[in-house]
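There are two complexes below, and they share chain A, which is joined by chain B in the first and by chain C in the second.
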Partner chain A sequence: MRWTRREALKNLLPLLAVLSGAFAFLRPTKARAVPIRPPGALKEDDFLAKCIRCSKCVEACLDRAIIVMNPRLEGHEQAGFGQAGTPFIRPRQKACTLCQSSAGDSLRCTEVCPTGALTLVAKTPESIQKHVAMGRARVNKDICYSFTGSSCGVCVRACPFEGRALRAGHFETPIVDPELCVGCGLCERVCIRYPQAIEVVPV
Partner chain B sequence: MRIWPWRRALQVSVFSMMFVFPLIARYAYYVNARQIDKAVESWKGYTQGRLLAVTDVFMSIGLTREEGGVVGRRPRKAILARTANFLGSAWSSKIAGVSLVDMLAAAESMLASRSLEMVLLIGLSLPLLATLLLGRVYCGWVCPMGVINWFAARLRALIVFLELKPIAIPFWRGNRFIVLAAGLLFTLVAGLPLLGYVYPPAVLSREANGFIMSLFDRAENVRPGWMMPRLTGAIFFIAALIGVQALLSPEAWCRSFCPGGALYSLLGRMRILRIKRIAKDCVECDICDQACPMALAPMSDKTGSQCDSCGVCVDVCPTGALKFKIAIDDKPILEGVR
Partner chain C sequence: MENKKETDETLQVDRRDFLKASAAGAGAVMASKMFPGGELVTTAQAMEAMSFKADGPKKELLAQCPYCGVGCGTVIQVQGDTIVGMVPDKDHPTNKGVQCIKGLNANEPIYKDRLKYCLVRKDMSDPLTGHVSATKGRFDDDVFDKVPLHEAEEMAAEKVAQLIKKFGGNSVGLNGSGQLTMEAQWIENLLMKGVIASNSIEANARMCMTSAATGYFATYGSDTPPTSYDDIEEADFISFWGHNARESHPVLFWRVADHKRSKGISTLVSDPRRTNTVTGLEDIDPRTSYHFQTLNGDISYLNAIAHVIVTKYPQAVMSEAWLDKHTNNWREYVEGVKARYSPRQVVENLKLLDRGRVKVEDIERIAKLWAEASIKGRERGRGGVLTFWGIGYNQMLHGQHNTISIVNLHLLTGNLGRPGCGSHSQTGQPNAMSERLMGGLTGRLPFNKGLDNKDWRAWINQKWRLPEGRLDVTAQYANSMIIPMMERALKGDLKAMFWMYTTHVHMPDLETLVRPALTKMFVVVQDIYRHAPNLLYGDFIFPAITWGEWTGGIYIQSERRLFVVDGVCVAKDDMGKVIMEARPDMDLAIDKAKLIGKKLGLDMDKILPYKKTIVNKYGQKFYDPEDVFRDIVKASKGSDADLTGMLEVEERDGTGLYEQIRRLRGVQWPAPTYENAKKGGTPRRYLGQEKWEGKPYGAFAHADGKAKFKLCEQSYTTLKETSAKFMAIGESVGKLKKQGATSQEVLAAAEKQTFLVDNMALLTHARDNALVPELPDLDFYDDTGKTLEDAKKEDRYPFWLGLGIVYEHFHTAKTIRGATTLRLVPEQYIEVNKNDAARYGLEDGERVRIVTRRGSYEARVSVGTDSMVKPARCEVPEGYTFSPWNLSVADSADPFKNRWLVNAVSHRAWDPVSGQADYKKLAARIEKIV
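Let's turn to the complex of A and B:
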């Protein structure tokens, strides 16, 4: 096939469009751009590679804790263009309850994930401890009520691994075990202090 | 029997599925939280209330209103088990426990992560089998782009009716293979599935999901009613496709640019469902060639791997000379030719 200059230009335009699009979507490099992913998610790089942005986990989540990342929305500022359409969790809005009150043997979002970006997590403490690492709770001792004189202990009651991942010290002070905390965010969700004295930071 | 009503019915149902499944998911959320009656009641007279009420009726068909021995209570667990059968969209779905993944999505995911997942292969098996045997049937019968093309074609007909003379640029068909190759190469290099951002089924699915979710989010936070939907910039891409197809080049995307269609073409080369021309009936009127949405030439037996088995040529043929046959080549049936 012989190409005239005009024809070649016409046919290379879509290629250029694809290439420039690819550059625009390049992965964010800032560390703070790592959001809290649904339970069972792989490491951020592998997750972004495997996730096909199908929103099935969003639909499957009965707590509606998982939401779609949309860089144009308020509260999604950390999203890079390469993360648009991926699922993430904002524990302060809605925390993951690890499907404790729904039917089934495994966490619903991990059950429906078609690509293995979320590995299958059975609904047992062992499996959850092994596969889930959404983040880790961190206590701000300067503003936490229990650390500043009045005992509270709400976060300790909310923890699904109460007494292990998050246990109460003297005057109900929350003590996080970083080995056992899976980062579900229920403690951040229930914290009565504003801004939150306990928050989940991604690992 | 005409073929196009069945095809349109399937296309339209897949298109509406993209909106209905997120709605069912949202309904399941309210049922799980035991808030469905409150939600319907507080949004009475608004779109959200009506949508939830209709979903409730459909999801409760055949279930007795009884749970835990209490007659009249909504059967929450049975409804939740039922809603779990409707998940996903045109891009990837799980219907009645059967996982289906778009092959372009699977290819991207595998290339970007450079690994092979069993769960992905299971979801891939049914679409792959269908494409190997039947060719690009996904494009012609399932893809939500069919509805968009239909709309663009009507728009183009309107423009012609207004005597505005839309032009028809014949883009080179090989462009779609360039788009596919470049996209997959960049997916491999960047480690991000990028083609999903320009592939209409994926874009439309995400936008539909976002639209339904934002409808209820806004109702929960502000007030019910039709608001500005939270769509992403990708919707401009769809709008541009409609504009280009109406004004510049009909069916340009599916004919010349779609990476998914290119992948299906490649996989469906050895398909066994083909359009066959019965030579003794053919009067060589050229109607089929002009009607073909892919601008192929059924009259001269040049359909090839781009044929998406839409059946338009079979429908328009005045003498019934074109038929779907089980065959492995495009040669015409020469029986009875003098």
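Let's turn to the complex of A and C:
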């Protein structure tokens, strides 16, 4: 029995699929997509090791920005192996406002984390700059209104470190300082472009 | 029924098709694929903006943006007869293809919350019987009857005609709008002054631009801003007074910023807050960017600049011969500023309010820059000093004097009559200038002439085709500006009012003045939104067609540029159903005028010979605004806003009036000759800039052809006792209201209150000394032992409160309904200085109640530019607080739910000449919400 090349490929496909699934299972954890984690999260591997999926941070989040990763839900496809049940943020929907309960407290989600998967972050610019690295804002200059001839600047005005992490250049063009951006995503949340012209990408 | 079938077919809700069709479609489709299920909140909200299918061929219409007075050219993208998108007009000389977020999303609020039927209040206020409606202040369905359009028009006209017959024409008032078309403004003026013979006609331009307008009349003799936006790129020194241009007029600001960046010119901003205009200019070059952080001292500082220039830089002052030839009163001005306005004297005199924030050296430095730029510009024949001022500068009880002070300095240093310099008032609304030019204000006639001008009155009488002497009847009535009109209503002198394309929420002192007045009066409203605040007080409510849906018309922006606002000729609701009863405001005004005029025995077919010649595919018939515009152009002959050159072009070249304007992307008035109209009108005014000989309007419009100086004074010696008298106005009614009195009880108290119209000497005194309406308890503020609770207990008001706008929104109606802009500023806020916050234990983000003597509202505290309450981003000085007024009804217009109504707290004190209220210096306290 001779297979044409096409048939050979066709018949090999299921096998390939199985194999690739196995490789995905076996691939090193580093290759896993890193979602935007709540503020103060440890590095992804350490975070996954420490997070007990208790959802306390999810409950503590007044803005409902922190959600539970559920691969069966639409929009959660990025969930990789071992990430189900962990907290993450999709800034386009709801971004982190770096909130606290009352003056002097730390960020709410970091206060309730029982295992230290989220480090305690004091509500001060210094502490936030030091401990929070949820991601980094990236501007798509091809579609951003201010880079394409109009003047917008709503993302700059939404930034909690306005004038530093994100400042307005000429005609309100957003300029990100990667050192100071903590990836809260408020810029992405308010962007008036569809899809968004400014986006938080994991560091 | 045929129509209905057709519309139903085209309007099936189909999100996928909508996505394909919409202008933002490409992006939205991508986004929805990335996040299937439409979970992406923003896209879903964007789709809510228009959730029906647009059908038919694509086309593009030209228009001026419906928002601020910069007047950017915008292209309305249309599919069939549905508006689907906005893009900036690259060929328009004002914005050159740039646009801000408000304009970019101007299509979103059009098909939202539309008013679809004529509503008639079941329990109407009836001045004939003295009955006051018990349902005013509510707009639920159960308080109204739906009545067919023609029936409602007839009923309303009958009621108004009865009132006119019984109480006289002047008992009926109207508040129009700087957002109506020029044609509608012409007609509403004709309706009031011509048909009804009432001088009680006002417009929201009163709270926007009249200080500039009356300032121009006093100095140049005509309400004619002399400049063009093209002067920006030629200027050597630019200043902004009470003008947060980056937020309120973004495109204008970026033209200035661009020029600063390329040429390194110096700039000055005078504003109590460190606004984004201040920081934006500092970002470009902090060494050439200056900021006068003053609450009320502009007049003094301008006089002090003049003092320094006169004493230190005499070469910057125009020669005596020039000043004698072109101006009057300049010697008194120079003597006055020399004697009383040295920088040292001024800083000392203003210490109470400004607390030394503006220093002697600052004034001297600005004077030096002003002098250098003036000399440079004069030598070169281009450039010099260009001065902008905004609504904040106009909204003071000495607003007219503010404008005059700027013009004084420009005349003194010759910054006028050449490219690159001049005094440029920036209007707030897209067509406020036309409202002024059409004379849609009390005591005014079209084209910069007063109702007291007998010859012009006769001319307009003829052009309005009125029976001879009709306008002489109107001219007998004393002028009455909008706030005095409200007081007249409470006194029983004004019985009924029309409201067209404007909201009462923009007016000061709502709870103790405006709302009681509207409760008492018979009110006829034209509006586009079902839940607009005016519906709370309307007895008859007519659905209108809005910008973009119109049958055409003209807007005039701040550089005197007339531009078209083309439209799709049909109104639709949020499901895409045609609103069959909706009419453009102009049509509603014409029909009302016809009905009322007939009942008054006037020959209305002669006065308003217009025919409904525009028919859309749904069978709706409309008047052609170009017919009205032709009448306007004809009537402009001989005025200093003469447009008759356009008629010549039409005659000789066969190009229609609107088409000329479209092709030229605007015509700047005046355009009195063929050649002039052909090249787009007159970019600059005065001192021979018009390049024509022998016209009566080439020089300044005063009888002797000269401009006038007027030294405006400022003295705080009587500040405390004068403010105390002001602060008592409305206080007792406010107290009653706070205790939860019913609207009837409030009305009864409001009728008995002390009225400011009976205390005009007080207003004039405050104006002549450039005082403030309210003075906070500064001793209380300075006492560091006092807390917020003490202020409440002792009934003290330690903070200054100023009202303004927030960048993402225009006024109170449209942008808060647009999905994109609504999302950006979800909540009312109050900006507080960080030292004040620390001292009084106010936390960033905390909810508080702001209380004045007349009312209160709720807001979140926003501390500094690092605040998490976004997007509050300006630093206020210590003791000063700020809230935006354009979020007033963003929560709900219903008084039972509305908590953000900032004008519940403002003061009614107005400039006795310009009529503009002072919203910027109120005395308030902050109460914690427990």
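In this text, the second predicted complex is superposed on the first by the 165 of 203 C-alpha atoms of A that agree within 3 Å, B and C clash if a C-alpha of one lies under 4 Å from a C-alpha of the other, contacts with A are read in each partner's own complex, and residues count from 1 in each chain.
Note that contacts are C-beta pairs under 8 Å (C-beta built on N, C-alpha and C of every residue); 3 or more make two chains touch, one makes a residue touch a chain.
What you see is a predicted model, and the numbers here were worked out from it, not measured in a lab.
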Contacts of A:168 with chain B and chain C, given as first, second, both or neither: second
Partner chain in contact with A:180 - chain B first, chain C second, else both or neither: neither
Contacts of A:84 with chain B and chain C, given as first, second, both or neither: first
Touched partner set for A:152, first chain B, second chain C, both or neither: second
Winner by number of chain A residues touched, once chain B and chain C are compared: B
First, second, both or neither for A:93, with chain B first and chain C second: second
Contacts of A:122 with chain B and chain C, given as first, second, both or neither: neither
Which of chain B and chain C A:56 touches, first, second, both or neither: first
Which superposed partner A:192 touches (first chain B, second chain C, both, neither): second
First, second, both or neither for A:160, with chain B first and chain C second: second
Common ground on chain A, meaning residues reached by chain C in one complex and by chain B in the other: 102-103
Chain C-facing residues of chain A, complex: 74-75, 92-94, 97-99, 102-103, 125, 143, 145, 149-154, 157-158, 160-163, 167-168, 170-172, 186, 189-196
Residue ranges of chain C touching chain A (in the complex, touch as defined): 24, 27-28, 30-31, 34-37, 39-43, 46, 88, 97-101, 104-105, 250-251, 254, 257-258, 261, 279-280, 283, 807-808, 820, 823-824, 843, 845, 865-866, 868, 870-871, 873
Complex contact set, residues of chain A against chain B: 7, 10-11, 14-15, 18-19, 21-22, 25-27, 45-46, 48-56, 58-64, 67-68, 70, 72-73, 82, 84-85, 101-103, 108, 112-117, 120
Touching residues (chain side chain B, partner chain A) in the complex: 21-22, 25, 28-29, 32, 77, 80-81, 84, 87-89, 91-94, 99, 101-102, 105-106, 108-109, 112-115, 117-120, 123, 169, 171-172, 174-175, 178-179, 182-183, 186, 190-194, 196-198, 202, 205-206, 209-210, 213, 230, 232-233, 257
